[in-house]
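Next come two complexes, and both contain chain A; in the first it sits with chain B, in the second with chain C.
Coming up: the complex of A and B.
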């Protein structure tokens, strides 16, 4: 297929998600690129920017207006749904992430699960939907807006506690599947609500991470569920799982999701070889070492490695540390431009 | 639109929430020009009074570290023009911690060392060299303690330890830095907690996957 002449940021991201040609590789972070300096610049500090639509939208927009990314993503945290479900929250201050108090789980067994019919009216979900609408008003059709809907495995960690849920998955597969089946409604409903609000794509984090869960587990518990999400949520989906995940990338590529947001623990070339072009890849730029504490040249080297391997979208591997420097984040789009000027 | 992040240099330190001024983030940027290394204190918040807060921090860095005003209003530099990276980061963090209602004082070159119950003094030997000595009961047996404190100052200041004399250290720039040595000497007995604090600050704000959270 012929390379398009000139695309908007939104066109570029959507084309990459659809496996179509692009004028240049899009820079896209399916998770957060919020930093404390950006919070100050637009007066949108945490925790307000996690709980109120206007600061949430202002902070998200900086990914494009200040950093030069092709996409914006207003759902910085991974706890909005869990808060709405009643989990005990620690909202933290400006310089730390909100977390669920998983040591105080709200449910003990599948029968305890209660999802209110008006879940989408919860303020911590409404603010996301309103922020998406604000971003669409402000950015128009030029920039890709990515939302986020959490997968049931992640929500089960939050609601049952990590250790308890993992032990249950060993001892009682049927109960585990029952939990996932019940929680999937939240993923689908919140995802489609964001589609209605105006997102172009959704990140779907489901933390069957490489350090805790095997590839076989992914196939047993999540592959079919993720296939169902790809069918029932009405926009391209970007699955996010941290850690070493090459052992499950083949299964992930079978789900029909548009992209997989992958960790730096996986090499770009081996990952591309594993998914055989059946799903796009995005991410891989290391957060805790490279983006957080190395130089722009180090960041660029990782971007080049991804571009050389043919990775379809370039971005950080996960939500970036809140103290990351702007120079290192800007090095990502700069490197993409440099690479394309040579190829 | 003016790019607020243009031409700042390299960010070398960050206070992500300033406890003395509305939890704003304040950063220290470094860049080398014709005169030498220059350090800029910058925050991107838009609050009234922020300029005064930045001015206080700059003044504190000059007082605590013997720095001089740079070419621009929001910059400082060492008289030697050197970078002294570890030391200037420490200076910046200390300046941000100082209580704004009090004026910082130029640090003295002596320390009441609680561990040894001695008074430890740093004496400038010229050309950027310093030597630690002790007075008080048992000062004659203080060699190991002085070496430990010397090593702590070396670590905090990126200075050079004298291989032959355990109480001596020097700066590569070959110039004296009395105020900076005085400040770092006060921190030397607690060097481990100082380093731990820096590591904890660095780890803050990193999102862990749910399986890695407590």
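Coming up: the complex of A and C.
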């Protein structure tokens, strides 16, 4: 296919998500590239940037304005929905991630699940919707805005506790499916609300990770649900699952989602071979060793490996440590430019 | 030399045949279970199957029958968990199955621990364990603690979201020679290094040997941050703790 003329960042991301040709590989952040340095630069520290629309939008915009990424992501964490559902929260300070107190679960069994009809009016969801609108005003149509809606498996960890939910998945598969069926409404409703607010695509984290459960689990509990999300949420979806996931990538590729955000525990070439072009891949620059601890040259080497393998979008493997240097993050788009100047 | 056919329990035989691949591990478990009493093999099989009711019943019966508590723990409970640990390492089972087996082990340990406490058996040493600041995940840490306690260590569990100062205070107050830190998230992993730096600043780093683990942790990351040991799973946690405890003495 012929390479298109110069595209805007947004056009580039949307084309890659649609499996269409791009002028160069887009650089994306489907999870978060927020750092303490970026917070200082735009006066948008955690926890405010997780709870108020204006600092949330300011910090999100830095992914494009300071780092040079093709997309921005206003939802830095994975806890907005869980907060709205009533989970006990630890919002933390500037240098730590907000988190759910999973040792104090709010529900014990499927019948306990209560999703308020006005869930989308909760301040921790409203701020996301407002931040998306602010970003669209600020960035216009030039930059892709990616939102985030959590999958039911991840929300179940927060609401029931990880250990309890994983044991339930073994002891009582029917109850587990009932939980997922009930929670899926949150995923769909919050996802479509973000579409209405102006996102171009959504990341859907659902942590059936290779470190916790098998590929067979993904097929049994999540493949059909994820297929349903791809049908009912009205924008391209990027599934995010951490850890080693090659054993479930084939199932993921069947869901109709536009892309899979994959971890550095999976090699780019083996991952591309596994999905057979049925889903785009985005990733997989290592966080703790490379982006956090090494040099821009090391970052570039990983970017080149992904590009050589044909990975369609480049970005960190997951939300990055808050102390990651701007220089290492900027090395990602620089490396993409360098690679394309040679190819 | 013991043979697989010397093991009376069919489940144990099948598990070794189907899931163990390393010759030294096959030899170790064939030797263990061919020597173990049939009742201990039954307990180990129930552990592997994650049947907590069965483990509860069999452990109680074994004690009534006069079998020594340490023998039940070593040959039955830890023997069974040893095979579970290998299956987990090799991706034959995942965390839900391991949690189920751990629940079964706890059912057995509920009978054993009071007896061991009362008998005054010398501990293998004290280990401080905690999940680092900002990280509220505890499954991996708790599995490690269960295996450490099952292997004769005394464990001080600091819980999750443990601040640097809390680790430092625990080292100063307990005099423990080994400290284990866990993290599940790539975002909280740097807090392991920060804790080690805080220990250097507080002048307690040389008082304790540090082991680290958790899904995103690697040997390279462990070396970079200056830890003394790394283990990829709960089974190796015990081996690392034993090694560090020996070198600390």
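Here is the rule we use: the second predicted complex is superposed on the first by the 343 of 343 C-alpha atoms of A that agree within 3 Å, B and C clash if a C-alpha of one lies under 4 Å from a C-alpha of the other, contacts with A are read in each partner's own complex, and residues count from 1 in each chain.
Following the convention adopted for this analysis, a residue touches a chain if its C-beta (ideal position, glycine included) is under 8 Å from a C-beta of that chain, and two chains touch if they have at least 3 such contacts.
Here the structure is a predicted model, which means the values were calculated and not measured.
Undergrad: Following the overlay on chain A, give me a clash-or-fit verdict for chain B and chain C.
TA: On the shared chain A, the partners clash.
Undergrad: Name the contact category of A:325: first (chain B only), second (chain C only), both, or neither.
TA: Only chain B; A:325 stays clear of chain C.
Undergrad: Pick one for A:288: touches chain B only (first), chain C only (second), both, or neither.
TA: After superposition on chain A, A:288 lies in contact with both partners, chain B and chain C.
Undergrad: First (chain B), second (chain C), both or neither: which does A:154 touch?
TA: first
Undergrad: State whether A:94 touches chain B only (first), chain C only (second), both chains, or neither.
TA: first
Undergrad: Quick check on the superposed pair: does A:212 touch chain B, chain C, both, or neither? Answer first, second, both or neither.
TA: both
Undergrad: Between chain B (first) and chain C (second), which, if any, makes contact with A:109: first, second, both or neither?
TA: Neither partner.
Undergrad: With the two complexes superposed on chain A, say which partner A:78 touches: chain B (first), chain C (second), both, or neither.
TA: Once the two structures are laid over each other on A, A:78 reaches chain B alone.
Undergrad: For A:40, using the defined touch cut-off, is the partner it touches chain B, chain C, both, or neither? Pick first, second, both or neither.
TA: In the superposed model, A:40 contacts chain B only, not chain C.
Undergrad: Touching A:340, do we find chain B (first), chain C (second), both, or neither?
TA: Neither partner.
Undergrad: Per the definitions at the top, what is the overlap between the chain A residues touching chain B and those touching chain C?
TA: 96-97, 99-100, 102-103, 162, 166, 209, 211-212, 242-243, 287-288, 292-293, 318-319, 321-323
Undergrad: Sort out for me which residues of chain A touch chain C in the complex.
TA: The touching residues are 90, 92, 96-97, 99-103, 162-163, 166-167, 169-171, 209, 211-214, 217, 242-243, 247, 287-289, 292-293, 317-323.
Undergrad: Can you check the complex and tell me which residues of chain A touch chain B?
TA: It comes out as residues 32, 36-41, 43, 45, 66, 78, 93-97, 99-100, 102-103, 154, 157-158, 162, 166, 207, 209, 211-212, 242-243, 287-288, 292-293, 295, 318-319, 321-323, 325-327, 330.
Undergrad: Which of the residues in chain C come into contact with chain A in the complex?
TA: Answer in residue numbers: 50, 91, 94-97, 99-100, 103, 133-139, 142, 160-161, 184-190, 215-218, 220-221, 224.
Undergrad: Sort out for me which residues of chain B touch chain A in the complex.
TA: 4-5, 10-11, 14, 16-17, 23-25, 27, 43-46, 202, 204-207, 209-214
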